[in-house]
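Naming follows writing order (A, B and C), and every chain is counted from residue 1.
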């Protein structure tokens, strides 16, 4: 069997998801043994125009990035969006809630108008090209990344959870954080992270995106029951939920 | 016997079988002829097996052959998900994991003796029905008239072509076919399978009827049979549900109080009166 | 088998000895993160054991049917090999309602097709049960007749104030109890234990069911199309929390994990839940129980009607109240639904 050629590209992101891959430690050798990595800026200097699987990290914020992504899409048989910036637009998408000029001034000050700092509204990868698979999370969950890659290597469609974080959180024996005053997004956010944040005592921030049919009515009911407002919930969702449908 | 727990049998442990024959029957259906490597498969018409592909999982598949055929069993598999896609890649001589046979709800071999039998099949609903049809043909004198109604979406999706031809040429079995979508290559009936039911009115009097097809079909066939005054205790349905374990534990195939995997997959329609989720 | 009395001190010494001699001992203790809650966890020190607990976050079913377990190992060359967990272990502090749940699971996993994975673990377990000393906020075991238990455990401990009454119910339990410094339980001790039982059978009842638990099955017979299913399910997140924390939920999913060699791997089962969207979904895209209200109803029918019909009529809700606490929109309480149906018999459509 020919090893599939894999290329990793990054756009607007912190590269933390790639770091999760580099941090696989001994399993990175298994990964490199199973695939033929032809381009990966974070880990090697070679470049290639021929690959079977393109892994895209980061969101798309500039016209030239869109063009680059179109080119990658045309070359790749399978295109994977890696991490919340690629799958949702991520934290970068926060800026879409404000006037772009204000955002630029706030970040770059008097340099804001310099041409190399030109930026447009943030897009998730699937707003620019067709995405075959999404590996969710900020950062991604290494175990899930491994499982998805192994699935693709044997020609199996990866199983990405459709159920909410609560399933994994409860199975781990965590008491519900709502009972401890935290506005946790677990009930409406896609699982697969093994309830990473709630298990560490932090509410779910929603980095894996909404489940397919989040129950908005239930969410309203619950926030009312806990004496909160829809605005409170919205403010918690804005971090990763700036574009998604099904919002309140 | 398991060395560590002393149990005779692990209900989740597949046994190996060898592929004797594998061929596509049309654009989507794969025919498989298999033999168990150790103990032969001791099954009844209506039972199913869990076919296992390492790394991909298992899929419940109806047995299509009649147990009167010894030394092998036959499956027909539609490519529909991860496991069935891999099953489609099997070649002659390949090994495959099999669990089963499963299902205590089988075709009523004994009770149907002496009765006229009507099989109403939609598409691959023919697959499990064929097991009992061929069983009856191999024990022909035990049963009354046999009528098979087969509805297929379009003629390119028909399968078991030569067997269907043989049935249509035999005098001791009557086959009526229809396709949903008419085209130039098809000379026969056009319309859904229920349109065939009035044509066999005279058969329905005391006949046992057996229905198998896509989920949407059952309600309409049962309604059509009701119009012909066929009582529900003479209607048998072969049902499909999501299944994981096949042995009545995992809960996925539950229809109200029934597990399709252990109580079915063949149910007497009158017994499903207490199971509104069934049809 | 014998009924003994242990002083509080000799109980502690006995648990010390159990911890020091056996490999795996699990016991009830404070939850590692949230110290106002309790959990079953490996017991490293006798001082951590809290037999006065109210309820644990997860039931002890996790030791018999773990959230994830390997059923079969596979190898493209060698075929399939059954996995088997043969480690012997002790669980200390199982409450009667949880014990009854385990008794029900024992029956269900043995019935029809013997599940050797569950049963091997069960047979390798020694259970030291204990009567409830503190009622949890949502317990309704008295309503479900699960406040006390008569079988399933190896040893039953009852706190009678000045010590514990310990009754060994099996040979395994007797051998273990023989290691403790005990005295013969006096008539007064037995009477005190009886008083604990009588009190629990009456007072572990924060959500009283307005009928006998054995009548629920018949009640549901007439309630299939009652509006309560739609009403409650309106605010259901389909998050499966009620399933995950339930001591009598045992549905599971099965999936394959391939190793990096892409030739070998494990077939695993994981907890699943009938409330989850997708539980009944088949390829390519048909879902048999697609409506939230149908899934919501299915759970309460399973507890009140379907499973009981397989285990001699016992209701498959043991009144632990965990689902009540785990359900954010507060719709999971079985008693509220069953009582509502009782009140509404006039509105019930057959």
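Criterion: a residue touches a chain if its C-beta (ideal position, glycine included) is under 8 Å from a C-beta of that chain, and two chains touch if they have at least 3 such contacts.
What you see is a predicted model; the values in this text were computed from it and never measured.
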item: Interface with more contacting C-beta pairs, comparing B-C to A-B; value: B-C
item: Chain nearest the overall C-alpha centroid of the shown protein atoms; value: C
item: Separation of chain A from chain C, taking each centre as the mean of its C-alpha atoms, in whole Å; value: 37
item: Cα-centroid distance, chain B relative to chain C, in whole angstrom; value: 38
item: Distance between chain centroids, defined by C-alpha means - chain A, chain B (Å); value: 44
item: Chain A, residues touching no fewer than two other chains; value: 154
item: Chain B, residues touching no fewer than two other chains; value: 55-56, 81-82
item: For chain C, residues that touch 2 or more chains besides their own; value: 255, 258, 262
item: Residues of chain C defined as touching chain B within the complex; value: 71-72, 74-76, 79-82, 84, 86, 108-109, 111-117, 119-120, 224, 250-256, 258, 262, 264-265, 267, 269, 272, 274, 279-284, 286, 288-289, 294, 298, 301-302, 305-306, 309
item: Chain B - residues contacting chain C, complex; value: 2, 4-5, 7, 9-14, 16, 52, 54-58, 80-82, 84, 95, 97, 215, 240-242, 244-245, 247-252, 254-257, 262, 276-277
item: Residue ranges of chain C touching chain A (in the complex, touch as defined); value: 31, 33-34, 37, 39, 57-58, 62, 67, 234-241, 244-245, 255, 257-260, 262, 270-271, 273, 276-278, 292, 325-326, 328-330
item: Residue ranges of chain A in contact with chain B within the complex; value: 154-157
item: Contact footprint of chain C on chain A as seen in their complex; value: 27, 30-31, 33-34, 147, 150-151, 153-154, 159, 162-164, 166-167, 170-176, 178-180, 186-188, 201, 211-215, 217-219, 221-222, 225
